[in-house]
Structures are given as C-alpha cells and as structure tokens.
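Shared between the two complexes below is chain A, which pairs with chain B and chain C, respectively.
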Partner chain A sequence: MSNRKIIIEWALGVYEDLHFTAARETLSQNPNLKAVGFLPVYAPREVIVASSMLPVGIYGGGDQIEIIRGDAYYQSYICHLPRSVIELAQSDRLDFLSAVLFPSTCDVIRNLSGMWQVMYPDLYVRYLDLPHVRDPEVGGKFWERELRTLIDKLGEVSGHRASDDDLRAAIHLYNEVRWVIRELYRARSAEPWRLPTEELYLLLRAGEVVAPELFLDKARAYLEAIHEDSPPMKDRSRVIVVGTFCEQPPLGLIKTIERAGCWIVDDDLLIGNRMLTRDVQTQGDPVANLAEAFILHSEKTSVLYEPDPDGKKTLMAQRVRAAKADGIIFAAPSFCDPALLDRPMLRSGAEEAGIPCIAFKYAENTGQFQQFREQAGTFSDSIKLWGGS
Partner chain B sequence: MSVTAGIDVGSGAVKAVIMTSQGDEHRIIAKCVSRIRRREIVAVVNEVFSTAVDQAGVEAIDYVATTGEGEDIDFATGHFYGMTTHARGGLFLEPESTAVLDVGALHSRAVLMNRQGKVLTYKMTSQCASGSGQFLENIARYLGVSQAEIGELSLQADDPEGVSSICAVLAETDVINMVSRGISTPNILRGIHDSMGGRFARLLRSIGAVGVVLMTGGLASDVGLVAATQEAINKHDKFGRPLEIKGHPDSIFAGAIGAAIWGDFRHMKLDLGGAAWTKNSTQRSSSAA
Partner chain C sequence: MATDSADSVVQKDRSMVLQKNMIAEHFKRLERAPESGEPVVYTFVPGNLTELIRSFDALPLLPEINALQSGMRGKSKDYIAEAERAGHSEDVCTYVKCDIGMLKSGNIGPTGTKLPKPDLLLLSYTGCYTFMKWFELLREEYDCPTVFLQIPYQGDGELEPEHRKYIVDQIEADLIPAMEKISGKKYDEDKLKHHLGLAAEAEDDLVAVLHSAKNRPSPIDSYFGGVYYVGPIFSAFRGTEEGVEYYRELRKEVEARVAAGLGPVTPDGSLDEQDYRLVVEGPPNWTSFREFWRMFSEEKAVVVASTYTKVGGTYDLGFRHDPSDPLGTMADYCGGCYTNLNMPSRIDMLVNYIKDYSADGFVINSVKSCNSFSAGQLMMLREVEKRTGVPGAFIESDLVDPRYFSAANIKNRLESYLQMIDARRQRTAS
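And now, the complex of A and B:
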C-alpha cells in the first residue's frame, strides 16, 4: 500500500472512531496530560497546548450515530450538530474530557454551553466570547483579557499554568500546523485531481482530535506523497464550497460533489484550523500576539462581524479570484443561522460579479445524495459548456 | 479533426460510441452496446470501449467522455450529466427535435432543449418503476417473450387491456390476472404501453414540449411504445400543441453520442494538447491540465 493510502486509511480510522480512541491513547501514554474539547468554529488551541492539555475538536457524530437522547434537548428547528454532540456526551463517548470550550459561533452553541454546565457540573465549561470589534484597543484588549482568564482557568484544571515560553512554543507549533494546512490548500488548488477534497478533509478531521505534532507528521508525509498513485486528471469545473464552517457535511456529500464533476478548490470546512491567516509573532508578549492575530488577521467568515458594508458583497468575488474558481456552491447546514443569514448577501454579490452559483442545504447525517449529485452535475455541465471555464 | 469517445453507463446496459468531429460536423465511426447482466460494471465498460475502439481502428482518442453512472471510469477525461448528453445526442440524431424523452431501465425523463442542445428544463418520472424499462423487462419475462418482440407484438393488439399506471407492483399483479384470464399477449403488452405512454404524455406536457420529440434510451427502439406514446399525446393533449414522437435506430446511443460531442467541444475549448487515450497509455499527462 502506498504512503498516501496508509495515511488516508489512518485518517479514516480516526474520523470514524466516535470513541476518540486516538485521543484516549494519547492521554493514557501521558498520565499528566488532560484533554480539552472545543466546539466549532474557533478556539485558541495554542493556549490549550501550552497548558499541557490536548485539544480535541467536537464535531458531532455525523452520519454514524443514531440520535436517541439528543433530540429531547432541541426543537425541530434547531440544527443537527448539538443533538449529536449531546448524544456523544450522554453515551459517555466524551468522558475523557476535563474541560469543554464553546465559542460564540451562534446562539445554539452558546445555549449548549449552558446545558453542559447543568449536565456536567464537575467539568470546566467556558463560553468563549469571541470579539467582533476589530479594533486592537477595544476588541484586542478584550480578547487578551479573555485569553489570560482562560490561561488561568485551564492552568487550574491541568495543574500547569502556561508560561510565556510555553505559549511561544505552542504558537510556533501552530504556526507550523497552519503552514502545512495552507500548503495542502495551495496544492489542492493547483492540482485538485492529486488532492481530492475527500482525502484532504479526512486528514484535517483527524488533525482535530490527535496531538498537533502527530498531525504535522502525517500532513507533511501526505504532502510528499500526493504525487504517488494520484487519481488521473479529469476535466471538471473548479468550485468553492461556502457555508460548511460549523456542522460538517457527511463525507458522502463531499465525495458526491467531486464525483459529479466539480473540483473543490477552496472551502469553509473546519475553518477554525486556519482561522488565523498569518503566522502569529513568537517574539514579545505571546498573549498580546495571539489577541492581535485574531483581531487583525482572521478569516472572513459568517460567525464574525463584518464591519465593511460592502464586505459581504465583494467577499465571494475575492475568494473566487484567489482560487481561480469557476463557480460557488453554497452548502449550508439546515437551520444554520450564520450561514443562511449571510447567504443572500454573499450570493447577490457573487451573482452581480457574474459568478455562477447554486445552493443547497444538508445535515450532518444526510444519507441520500442523489439530489446533490444532480445539482452539482448539472452545475458543472453548465459551467463547462455554457460558462467561461 | 478530433476523435472522441462517449461512454454511457446505464443501469441496464453500457453504450459506447467513437466519433470524429470537424467543426460542427460529427460522425459516428463505431458503436457498441452490452447489457450489464450482473457483471462488474468496470469489466463491461472495458469490454464495450475496447470493442468500439477496435471497430473504429483508432490509435488515440482526444477526449473520453462518460455519462450516466460513469463518473468513476478512471480513463475518462470528463463526465457529463445524463440530461446534458441526451439533449445533445437527441439533437444529433434528429436535428428537428426540441425535446428528448429518455426512457431508461430505471427511470424516464423528458428534457426540453434549445437549438444548441442547452437544457432548458426537465422532468423525471417519480420513484415508481412503472415508467421504466426494468418494469417492461419483468413483464416480458412473465409473458415469455423476448424484449425484441415486444414492440411488434404490441402493434398487433386489437383490444388492449388497461393496467395500473400508478404502481409497478399493482401493474404486475394486473398482468398476472390478465394471463390467468386468457388475455392475449399483444393486448397485454399494448395495455402496458398505453399506460407508460400516458405517463410520458403528461411528462412532456409538463415541460411544455412542442414539435418533434425524440425518444432515446434503451426503450426507444420499441416501436409499440413509440406508437402508444404518440397515441396518448394525441388523445390527451388538451392544449392542441402539435407534438410528434420519433424513434431512431441509434436512439439507445443518444447519451453516448451527446457525451462524445460535448467531449469534442471541451477538447477544442481547453486545447489540452496530446491524446487523452492511446493504445499504450490510458491517461493524459498531468502537466497538460
């Protein structure tokens, strides 16, 4: 078996394992290590690692878990992610976590943090109020204070309060992680047939629950291996997939989009792992550096306030240009307020710029892909035969 | 002049054509069809493609296009959706056509297109199999007739027996009852054709088809079905729109033909350089992307 296949088999195993065996094994090999879960979209993983803790991304149960208890907590008009997160927790699959962080992605995740405090009073639970004012003196100072509080609290849980040197080392480590993810995205955009999104996604999903050092090894090895037995080049349309930043689509949907004739050359999948678009400074005050990086160099996404009135209108055209894409697929989870409220603004901006678009909704446990296949297939045909591609 | 291949992987059969193109002039130089019959689809595709290539006597192909369920054929250059290819293939086979009625093994769909072959709208039969080739094949098996005989037998009917047009299961029960009641095979077959024709007439009306409609797909060679569909249209068309259903000897290849023609379009547009397929190597060099 080629290196490429070995890595992807490993990643698939981690992705499908809803008992988080990889994370549990890391903890059992390091008795002083504790694990911190975090919900999408963004959590400062540097702080977790610097506190001698393992960051574990909680992205629900996807299409692999039957929701028995989770539905009792949410009305039918709420997205699927919190149901399966509760199902994971109530079935003791998350019992290895010592703390859970709930970023201010939307009100559903904020409410989930409250539920967690009620259900698991012995666990450290924190609602991360991400700053929306992009002024270093206002939002920056606020976020810096939040980070310092988080450092103190995680230090109490782990028994190791992160020093500045610990934080600098963690920042350096995550600069490496972000670099390799950017390289993977760059390589996919350049030669998408060598780096199918299905594989890239599996690798990045695995990276959400294993130690960052292990992810770095696997990701670097994969980058070297993408020229081994890569699938043949195909004539397909280049698309970006927008709206998939929180509740993740099932793997089958990602495969369906590409099989139907679209190369995904940019996306919002797991966007928290590359939220900071530049390296964070390792010199000086590491907490101030982390805060400044978030305020000044964050990805533009629906979960953060956009101060520029034209920002939403021009964003899609910028992304399409950067990715040399032919069109946009707006794929949002059903009932996802951030994605669905942004969609009309993003789409009208894209269409004013003459960019072909389609839109659909999914849930993490969607099992039928024929309608997506049909939409993506005809979209690809229309771009290839009647568009500019 | 370019040489392109179109491979249509259906749920019942694999069809392949090799075509030459010079500007807007397209010519079929080889064609091959084979039923899948519980075989590995990849093996059937390889067999059909090899036969067509041998028949064409070509050493290299500029663009190999798949359609239908052929997304995963690894030596293909590109894939086109079934509606897109049937529309273009229909226009090639019958230049006067304004719509195609694709009747396949598992479903049927009506596609309205413009003069360039661009799909304007479409409608598919619902999930029930009663408008599909598989249903007709099952009935033929109950009646002990071959598929090739169905059309001619249906035309001999003198007193067609009505069957359920809603549900394949009910229709099959109807047929078993008819056999036990001694209804003749031609009358049973025509009853089924009438039932399917009624569904197709409604489908075509729903997309606003006017003028010539080419029937494509595996059942297009069934003369009884073509006649019954025409009759249903004449009988049911309350709007008085003239609609003529036509068949073509190569209708079963419409998807593959459309794929090959669109493959030529993409080959010219992309200017990929080099052949997509040669007898020695089945992949275009990646650098040509």
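And now, the complex of A and C:
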C-alpha cells in the first residue's frame, strides 16, 4: 500500500472510531495527561496542551451512531449535532474527558454547556465567550482575561498550571499545525485532483482527536505522498463549500459533491483548526499574543460579529477569488442559525458579484445523496457551459 | 411582551388606558422623528439601555415588539412569507423574518404609523445569537452606524467581575461616543442617574405586582396578563415619568383586587375561581394569543409565575437599577436578563417559582423559532420534575408563525395535563 493510502486508512480508522481509542491510548501511555473535549467552532488548543492536556474535538456521531437517548433531549426543530453529542456522552463514549469546553458558536451549544453542568456535575465545564469586539483594548483585553481564567481552571483540573514557557511551546506547536493545514489547503487549491477533499477531510478530522504531534507527522507525510500516486487529473468545476463549520456533513456528501463534478477548493469544514490566520508570536507575553491573534487575525465566520458593514457582501467574492473558484455551494445543517441566517447576506453578495451559487441543507446523518448528486452535477455542468465567476 | 392596547382582549383598567396612550404617543413621536430631529435607536428587549438612550433625548424602537405586534394583528404570516421569498430560511427565528417582511412591505408599525429609519442600530448582544444576525441583516437596509455591545453569558451562573468590566468598557469606548455623535449632545451622567432612579421606582412597583400572584386567588395572570404588565418596562418606558406613573397605577389596581379577593381579568372576564396555579416557561404564541389564553382560563387555570416575563430583566430576583453606579448597573442589568442565564439558573428559577408561588404544575411552551429558549427545555422539564416532584407539561408552538400553532393539539395536551393534576390531587387526598 502506498504511503498516501496508509495515512488515509489510518485517518479513516480514527474518524470511524466513536470510542476515541486513539485518544484513550494516548492517555493510557501518559498517566499524567488528561483530556479536554471541545465543541465547534473555536477553542484555544494551545492553552489545553500547555496545561498538560489533550484537546479532543467533539463533532457528534455523524451518520455512524444510532440516536437512542439524544432525541429525548431535543425537539425536532433543533439541529442534529447536539443530540448525537448527547448520545456519545450517554453511551459512555466520552467518559475519558476531564473537562469540556463549549465555545460561543450558537445558542444550541451555549445551552448544551448548561445541560452538561446539570448532567455531569463532576466534570469541569466552561462556556467560552469568544470576543466579538475587535478593539484590542476592549475585546482583546476581555479575551486575554478569559484565557487567563481558563489557564487557572484547566490547571486545577490537570494539576499543572501552564507556565509562560509551556504556552510558548504550545503556540509554536500550533503554529506548525496551522502551517501544515494551510499548506494542505494551498496544495488542494492548486491541484485538487491530487488532494481530494474526502481525503483531506479525513486527515483533518483525525487531527481533531489525536495528539497534535502525531497529526503533524501524518500531515507532513501526506503532503509528501500526494505526488506518489495521485488520481488522474479530471476537468471539474472548482467550488467553495460554505456553512459547514459546525455540524459536519457525512463523508458521503463530501464524496458526492466531488464525484458529481465539483472540486472543492475551499471550505468551512472544521474551521476551528485554522481559525487564526497568522502565526502567533512566540516572543513576549504568550496570553496577550494569543488574544491579539484572535482579535486581529481570525477567519471571518458566521459565528463572529462582522464589524465591517460591507464585510458580508464582499466576503464570498474575496474567497472565490483567493481560491480561484468558479462557484459556491452553500451547504448548511438544517436548523442551523449561524449558517442559515448568514446565507441571504453572503449569497446576495455573491450573486451581485456574478458568482454562480447553489444551496442545500443537510444533517450529519443524511443517508441519501441522490438529490445532492443531481444538484451538484447540474451546477458543475452549468458552470462549464456558461462559465464561472 | 405585549404593548398592545389590550382593549380587544380584556376590559379596561386605568393602567391599560395609560399604557395605550403612552404607546400611541411614542409611535407618533417616532413617526415625527425625521422632522423633529429626535434620534432613533433600534435595539433589543433583553439588555436594552433605555435610560442611556433617553438621557441623550433619543427614542428607542424595538423590532421584537413590532414583530410580536404584527403576530397579534394577523400580519406576520404575510411578512414571513415575504422574507422567505427573499431567501430567508424557513428554519430560522420568525421574529427576524417578520421584521424583514414588514420592512419590505413599507415599514408600517403596530399602531399604523410609519416607522422611522434608525440613526443607530444598538446591537445589545444579550442572551440570543440571532440578535447578531438580525442587525447585520438590518444594517444592509440602512445607512447608519451599528454599535455592537457584547454581553457575556453567565456560563458559570453569575456575571463575573471581568465580564462586568468588559460591558462597562464597551459602553464607554463605543456606545457613549456613538450616542454623542448621533444626538449632538454630551454624555450627561446626572441625567442618566435621574432616569435610572425612575427605572428603579417602576421596578419596585412591577415586582410588587408580580409577587401579588402569591395570593389566593391570584389577582394577576403572570403570563398572559404578565406580558402586558412588563410591556412598558421592557420597551421604551423604563426610566421615564410615564413608566413610573403606569406602574404606580397598576400596583394600586392589583392591590385593590387582592383586597377584594378578585382574580385577574381574562378574555372571559374575571377569573376569581382558580382551580390550577401554574408556572410557565417559554414565550407565548402571539398569532393565537387570545385563543391560547382561553385554553387556560376556561379550565380555571391561572399562571402565577413565568420566565418569559423576565427576558427584559430579572427584577423579582432582586435586581434594581442603581443610580449611584450608572454604567456598572447597566452592565448588571444586561447580564441578568433571563435568556442570558445558564441552564442551571433557569432550572433553579422554575423550581423556586413552583415552591414560592405554591404552584400545582408547570407548562413549557417550546417555540420553534427560538434556540435561546428552546434548546434544552426537555432536560429542564425532567430536571424540574425531579427536583419538585411536580410533573410538567410540554407543548410546542411558535411566536409569530401561525403555521406552527395547532390549537387542537395544544388544547388536548393541556386538558390531559390538568386531568393528571386532578388525579394526583385525588391520590394525595385519599
């Protein structure tokens, strides 16, 4: 088997393993290590690692878990992610976590933090209120104070309060991680047939639950391997997929989009892993540096306030230009407030710029892809016929 | 919260006439604003900073109130359809779509007057994610500044000192300069203190009204009637002389009802005989408000406490605006609004209401629109049942989308629930 295949097989194994065996093994090999779960979209992983803890992204159970208990917690008009997260927890699949962080992604995740406090009173639970105010003196200072509180609290849980040097080392490590992710995205955009999204996604998804050092090794090796036995070049339309930052589409949907004739050349999948768009400074006060990086250099996403009145209108055209894409697929989880409330603003901006768009909704456990195949196929054909943006 | 004239629903007390006139006058002033030059500030009910707005002689306008009024007046269905045609998802909050639909249909407000454009969008980001998108959407329609005021969530059950500081910092750094700019007036702390003092006065009277439901019979309905009672204080009139007068009058009327042993006035007259005392969690349905209320009153069920009437402030938990710390008290106010409280605090509130108001049961009205309220309510139901030993009822509807109000289902649900309460009573008695 080629290196590339070996790596993707490994990633697939990690992705499919809803018992989080890789993370559990890391813990058993390092008796002083504890694990911290975090929900989408963004949690400061540097702080977790510097506190001698393993960050573990919790993205629900996808299409691989039968919901037995989770539905008793949610009405039909709430998205699917929280019910499968509850299912994972209630079936003891998350019992290796010592703390769980709930970022301020939306009100569903916000309220889930309180449900966790009630259901698991012995676990450390923190709601992470990300700063929306982009003034370093106001929002930046607030986030810095929040990070310091988090450092104290995780220190209490792990027994190791992160020192400045620990934080600098973790920042350095995650600068590497983000670099390799950006490289992977750059390589995919340049030659998408060499780096199909179904593979890239699996690799990144594995990266959410294994130690960052292990992910780095695999990702670097994969970057080297993509030229070994890449699939033949195919003429397909180039699209960006927008709205998939929280509840993840099933792997089948990602495959369907590409096989229907659309290379995905940029996306919102797992966006928290590259939320900071530049390297964080390793000199000086590491907490202030982390706060400043978030305030000044984070991705534009539906979960954060957009201070620029034209920001929503122009964002899609910017992304399409940067990715040299032909069109946009707006793919949102059903009942997802952030993705669906943002969509009219983003879409009208895109259409005003002459960018072809289609839109659909999915759930993490969607099992039928025919409709998506047809939609994406027609979209790709029309782009080829009439031209993209 | 309804700031409707209410006369179509219940017979008139003096307080109702006062409220009707206050609102009519407010909307007239809003209509005249482009000529009078009074600046108009759009903002939200939770975390509204009415006293600060008034201290700059500006007028607040609350799109949520307009949306619920559109629901009560049968206009929301068309507005929502208009917004959905324009690309807004059927899955999201219907308040937003109702507002956008109203805007696209000429922006005529609840009293039939034209609504002015905002001079400022004050995005007080308190307890609801949708607020952020709502004003990002409105911002595309208006050429005016937006101030984003982030109110940290009480994830650990309290407003932490650094959160309070963050709010105060934002008010100083962003909001006050923006208000100075649109009004052309300097920030006047004494004037703000004056309005805050008036707010506290009205809050005292409102709390006395809410607490009156501890009496038997309860002189008020704390949900269906409650939404009228909180109308002025949750919207444009907290911190005003009219607000103080309204609450003084309301309190007098309620105290007179207590003295006379009377119940609240409902769509079917005075509910003096009360068989069930209930606590309600969640917003009401506005499109069939009267019918919904009747389902309770016909069964002689009175609501003695509700959480929805706390979205604009949790005064009954002790909070009062404090003129001696003007910016800090506004931060405390915002942080404490109901939807900014975490789940354990919400559960505590329901449990305490059931005990303090000697309730026989509790009903959760889960609305499709609102993740801020609805996500987690099924767990709340079980948790409150566990802690009180009182079974609860769970019904589903929507705020202003009539497609999601199924009268027969809700009525059945409520009737069987009340029968269950009867059966429990009989068991306890035997």
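Of note:
We adopt the following convention: the second predicted complex is superposed on the first by the 387 of 389 C-alpha atoms of A that agree within 3 Å, B and C clash if a C-alpha of one lies under 4 Å from a C-alpha of the other, contacts with A are read in each partner's own complex, and residues count from 1 in each chain.
The rule is simple: a contact is a pair of C-beta atoms (placed from the backbone, for glycine too) under 8 Å apart; a residue touches a chain by one contact, two chains touch by 3 or more.
Computed from a predicted model, the values in this text were never measured in an experiment.
Because the two structures share chain A, they can be overlaid on it, and in that overlay chain B and chain C fit beside each other without clashing.
More residues of chain A lie in touch with C than with the remaining chain of the pair chain B and chain C.
By the touch criterion stated above, A:G377 is placed in contact with chain B alone, chain C being left untouched. Residue contacts after overlaying the shared chain place A:N30 against neither chain B nor chain C.
In the superposition on chain A, contact of A:W386 is made with chain B only, not with chain C. In the superposition on chain A, A:Y305 makes contact with chain C only, while chain B stays out of contact range.
Applying the stated contact rule after C-alpha superposition, one finds that A:P232 touches chain B and leaves chain C untouched. Geometry note, superposition on chain A: angle between chain B and chain C about the Cα centre of chain A is 100 degrees, to the nearest 10.
Shared-chain residue A:T277: touches no atom of chain B or chain C.
Within the superposed three-chain model, A:R145 lies in touch with chain C and out of touch with chain B [touch as defined at top].
Residue contacts after overlaying the shared chain place A:R126 against chain C, while chain B stays out of touching range.
Once both structures are fitted on chain A, no C-alpha atom of chain B lies closer than 21 Å to one of chain C. The contact surfaces that chain B and chain C form on chain A in the two complexes do not overlap at any residue. Those residues of chain C that touch chain A in the complex are listed here as 86-89, 91-93, 96, 123, 125, 128-130, 132-134, 136-137, 139-140, 146, 148, 150, 152-153, 155-156, 160, 162-163, 165-166, 169-170, 173-174, 342-344, 346-347, 366, 368, 371-372, 374-379, 383, 396.
Put simply, chain A touches chain C in their complex at residues 72-75, 77-78, 82, 102, 104, 106-108, 110-115, 117-119, 126-127, 129, 131-133, 135, 137-139, 141-142, 145-146, 149, 302, 305-307, 309, 312-313, 332, 334-338, 340-345, 347-348, 361.
Across the complex, chain B is touched by residues 191, 193-194, 230-236, 259-261, 374, 377-378, 380-381, 384-386 of chain A.
Of all the residues in chain B, the ones that touch chain A in their complex are 63, 71-72, 74-81, 83-84, 118-119, 262, 265-266, 270, 272, 283-284, 286, 288-289.
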